[in-house]
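Quick one: the structure is below, and I'll ask about it shortly.
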Amino acid sequence: MEKSLKRPALLAALLIALIALPTVADAAGFAALTSLATRVLIYGIAAASLNFVLGYGGMVSFGHAAFFGIGGYTVGILYQHYSLGEPLFGFIPGTNQMLITLPVAVVLSGIMAAIIGALSLRTGGVQFIMITLAFAQMLFFLFVSLKTYGGDDGLIIRRANELPWLNMRDKHTVYYVCLAIAVLFFAVLWRLVNSRFGNVIVGLRQSEKRMAAIGLPAYRYKLVAFIISGMGCGLAGALMANFLRFASPDMMHWTKSGELMIMVILGGVGTLFGPLIGAAVFIVLESVLASWTENWQLGLGLILLFVVLYTQGGVQALGARLVGRSA
Amino acid sequence: MTLFLEQLLNGVQFGVMLFLLAAGLTLIFGIMGVINLAHGSIYMIGAYAGTWVAAETGSFWLGIPAGLAAAAFAGVVIEFLVVRRLYGRDHLDQVLATFGLILIFNQAITMLFGRQPLFVSMPALLDGSVELLPGLFYPVYRLAIIVVGLLVALGLYLLINKTRVGMLVRAGSTNREMVRALGVDVRLLYTLVFGLGALLAGLAGFMAGPILAVQVGMGEQILITTFVVVVIGGVGSIRGAFFASLILGIVDTSLRAYLPGLLRQIMVGPEADALGAGISSMGIYLLMAIVLLIRPKGLFIRNS
Amino acid sequence: MSTPILNVRGLVKRFGGLLATDHVDLTVKPGEIHALIGPNGAGKTTLISQLMGELKPNEGTIELAGKPVDDLSTAKRVSLGLARTFQITCLLPDYTVLDNVAIAVQVRQGHSFRFWGNARSEAALREEARKYLHTVGMERRADELVANLSHGEQKQLELAVALATEPKLLLLDEPMAGLGHAESQQMIGILRNLKKQVSMLLVEHDMDAVFALADRISVLVYGRIIATGSVEEIRDNPEVRTAYLGEGEEVC
Amino acid sequence: MILKKALLAISVSAFAVLPALAQDAVKIGMITTLTGPAGYLGQDVRDGFKLAMEDGKLGGVPVDLLVEDDGLKPGQGKQIAERFLNEDKIKLFTGIVFSNVAGATVPDIVDSGAFYVSPNAGPSNLAGKECNENYFVVSWQNDSLHESAGQLATNLGYKKAFILAPNYQAGKDALAGFKRYFKGEIAGEIYTRLDQTDFAAELAQVRAAKPDVVFQFHPGGLGITFLRQYEQAGLMKEIPMVVAEPSMDGVTLAAVGDAALGLNLTSHWNSDFDNAANKKFMDAWNKAYNRPVTYYAAQAYDTALAYASALKATDGNIDDADAFRAALRKADFESVRGKFSFGPNQHPVQDWYALKVEKGPEGKPIIKTVGEVFKDHGDAYAAECKM
């Protein structure tokens, strides 16, 4: 939608900065910045996936943590069966190969999104918000009571998944793997929102009635969008499990859905990179404020309030306006 | 039989507690179109203020006005400073802003009262149990909660159906434009409704004091359940909130009371208990999902 | 006689105790402009909504070119050649004029499960959309955002979007409402030109337009058709003259 | 881009404001939960640990304690550990209250060669297969808590027990642990919910089952709620209750009040223990803080003493990890619990006591030590640990 030439240049600069980040951070003595950035990238993927239905499609899902958790648990459960040497259900062997676990996580969260979406999309508005929440909470309670997989304590993944030729124990490698996947993800997302499919999804947000009147069967398009979005969250969850080397029901609690939503709103609803910026702002704020004071929640709350009341369209819009003014 | 009656009373008691919270939430939701996540915080404020005053003065009864006043005051302040700017804004903005409020209130309470849960002792009048039927003992305090809850429901019914303010509220929940067109000071009406909702939440919070842990985060724990009630009953419908609260209270209680027993008939004990607990945790969400799939707008809103 | 393009028999719609559509029979012949007039609240928009499948009637049948469509979704009916315009315009406000038409062309061309190519750089799609804009005389405004259009322009765009679905029968819900005299004349001109391609059911209050365009007229009062006939027959019908008033609005 | 830079600047300045360090001070990183309903646990851990520091020294070695809030989020705990490890070059860690945060954080810490001494969480996976030579637990292994409660119920001569716990891992472990040492019959078993606020339905079942004794495990706010409602239902007088310490501590008691009178519990520590270390600890606590003391504080105090003993033995040289580890393993300190040593998996081997809630001299309820339950009790997972 932006037609200026500034945008590609800006993106290139951002990419270079992200590639240089681990080296710079180490040199400057802020080694932990790399893992902070890894977390931002992963949450950025999750938030951008949510934004595809929420911002572009106008479907306010309050249950996307479910898919995030499914992705994480896929990695965790496959790893557990791999390390114990016991096949899942007696015939599915476990694995620690990322080239297998990530696609499996994406497919499984897609299937879960298909089930939840197929039921939830029969409603709309506030009811849709609540029914997606309901399904996510059901999954949360299910995993809390699954003793085999650690229940509430969560599932420790002793070693991150392996990739051929790469040393996944190295934090920089993990960062670059996440960066590569994020770049790929955002490229695909960019194509997606501008495609014919994206075109009707954005149309559905603006007026479902209009889209029906030009002959669009809305339900199946919304459902596919919901599935795609769930798959993206599942991918992020799988990466997060690899990064934390840990999966827990905490990943699918409603507060996590809320956090993802807040990242989207904070960054800018219905923009490609807004959620990534939102994730960065949220996580950096959380870490920085928490290292300053134990009353960090007060500060975070006030900042969120400020963003809503005094910026229109989140941090990205605020930034664009500030840049526009100074230029 | 007495056990069944006792469980039924338990369900009703849990239901009326939910109703006190849900009534305010559904009004705010239905009339102003605001999703107020901070409703749970108001409940917490009512509980803290009331309990603290009761503990300091040694009188449970003095806690009541304190809790109500603090909650209503907090509600009006929130409305005036924050929510007023959110009318007509996107639901998402409201979610973000009221989430910010939750963080602020939780931290403020921690700074004011510390991290330890507060204690309030039960007044002698409400302590102990009474024998309702032969063999059916029931705690007086819980009976009192039921009575207060039902009185509030009756009061709300009269307010909504018999007064001019109530007429405006009803009109407002179905057609916001019409209320504006009537030349009513909508701002004042909104502030009043918000304050009323906060007052009820504060009442619920204070009454919960002696039976629950008065601690930071107590609001979020019950907030989601309250939203479930509002949605099942139908957004904006007080009547819906009332019946949905009772249904949810009774369903939740009976699932916990009877499901493991039923499952034990068909499977081994411990597994049945775990499965039963698992299903009953999901119970209210399952109920909401089923209700919405059958009646997408909730039980008490006509589908058009 | 050829099969009517639209054949409605015994259509009934109740809202609670209210009969919004009261056993309506209605036909539109191929190549015909059939006007539907009636006072406020007569149930004209309700009728259109039922024809489109947006509302479900309680009784009766609807046939499109001889084929019953009662159990079909709106989308399916559109693919069979039914299209409507909205009285209160219902467009995609964040899109440009051209986008609005192009998306209709896109949907008509078949499924939209294409995830990769950029829909905005598909030349064929854009060209075809421009053709419809040309038909309603809006090609100059192609890159304007819908939110910035005047009321009259929005009405014209409504028509272009409906045409982009290549309908056999066009349901026009008060296309002149809110237009100035010049704009109305322009719209009448456009519709007259379209008559060769598509049959129309025209709901309209502007009697000048109705008399200028319609082949036949039906009069709807309290959900019931009280008269159907040629322009002259209706013009002289005293019952119609007394009953006639304006109509309310439908929100997008 | 500008935004990005600004954020970077903010984060950089944030790291810069960390307190300037005295020369040679050994840094100890404390990751704990200070926000939310469970915030008081972390607060007590922090404050208890600080009490053991004399003039900023542990074992005569100057230490610098860095405390950060994990917000009960595993991801945040890991992030803090990462920063402590890589930027502040911290080698000694402690503080985590909850098992799930520990699960995400501890492996990172020990894998990078740093030490972790747990003041509270003792999940079974880290006690057994996933044990590590740099991972010590000063508090307990989770199961011991409930095993001791089971033993106490047996000792008290109860024949029929009704048991309740939330439906999650720790809850199931609790019931399993209780059953392992309870010799009588189980009259009923109920799993409650983690987000439950009303226990009336369960209490009615308890009453109907007519057991001799009730065992329940409900930590924190859940426990307060459960106890209050239990008492209000008139059950405290009819059916005695045995619990393990997470369901009853100084804070819980203050919030429940007289409703807890008559409650039996087991613990590895109590404020009235008659030993010099505990007297010192209690004096220091009462002087410094105007609030009830909990065993979280006592455990953190012991954790600090454990670190102090190792620091003293190595003279503050933590670069020789083997020597430091060997010193830690000796547990050469005066624990507030009296006897204390580490088992083969570096979890405690200690005595467990029977306690009872009684009316204190000032009319307020207090927790009183009345007897012993276990001597030199270790845990079952030590066998699985190959170090």
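By written order: A, B, C and D. Residues from 1 in each chain.
By our rule, a residue touches a chain if its C-beta (ideal position, glycine included) is under 8 Å from a C-beta of that chain, and two chains touch if they have at least 3 such contacts.
The model shown is predicted, which means the values in this text are computed figures rather than measured ones.
Both chain A and chain B are touched by D. Judged by touch alone, the chains other than chain D, held in their current positions, stay linked as one piece. Contact count check for A-C and B-D (C-beta pairs in contact): higher for B-D.
In this assembly, the chain whose C-alpha centre lies farthest from chain C is D.
Chain B and chain C, compared by their mean Cα positions, are separated by 48 Å. Centroid to centroid, with C-alpha atoms defining each point, chain A and chain C lie 43 Å apart. For the pair chain C and chain D, the distance between C-alpha centroids works out to 72 Å. Work out the mean CA point of chain B and of chain D, and you get 34 Å between them. Residue positions 106-107, 110, 274, 277-278, 281 of chain B are each in touch with at least two other chains. Residue positions 34-35, 167, 172, 191, 193-194 of chain D each touch two or more of the other chains. Multi-chain contact residues of chain A, defined as those touching 2 or more other chains: 141, 144-145, 147, 297.
Judged by the touch criterion defined above, the protein chains form a pattern that is neither an open path, a ring nor a star, and not fully connected either. Under the contact rule defined at the top, the touching pairs of chains are A-B, A-C, A-D, B-D.
Within the complex formed with chain D, the chain B residues making contact are 3, 6-7, 10-11, 13-14, 17, 106-107, 110, 114-119, 121-122, 127-129, 137, 139, 141-142, 208, 210-218, 221-222, 225, 253-254, 256-257, 260, 269-270, 273-274, 276-278, 280-281. Residues 10, 13-14, 17, 28-33, 35-36, 39, 141, 144-145, 147, 150-156, 158, 240, 244-246, 248, 250, 277, 280-281, 284, 286-288, 290-292, 294, 296-297, 315, 319, 322-323 of chain A touch chain D in their complex. On the side of chain A, the complex with chain B involves touching residues 54, 60, 119, 122-124, 126-127, 129-131, 133-135, 137-138, 141-142, 144-145, 147, 254-255, 258, 261-262, 264-266, 269, 295, 297-298, 300-305, 307-309.
Chain C contributes residues 52, 54, 73-76, 78-79, 83-84, 86, 90-95, 99, 103-104, 106-108, 112-120, 161-162, 164-165, 252 to its touches with chain A in the complex. Interface residues of chain D, counted against chain A in their complex, comprise 1-4, 7, 10-12, 14-15, 17-18, 34-35, 67-69, 71, 73-76, 78-80, 82-83, 85-87, 99-100, 103-104, 107-108, 123, 125-126, 130, 167-170, 172, 191, 193-194.
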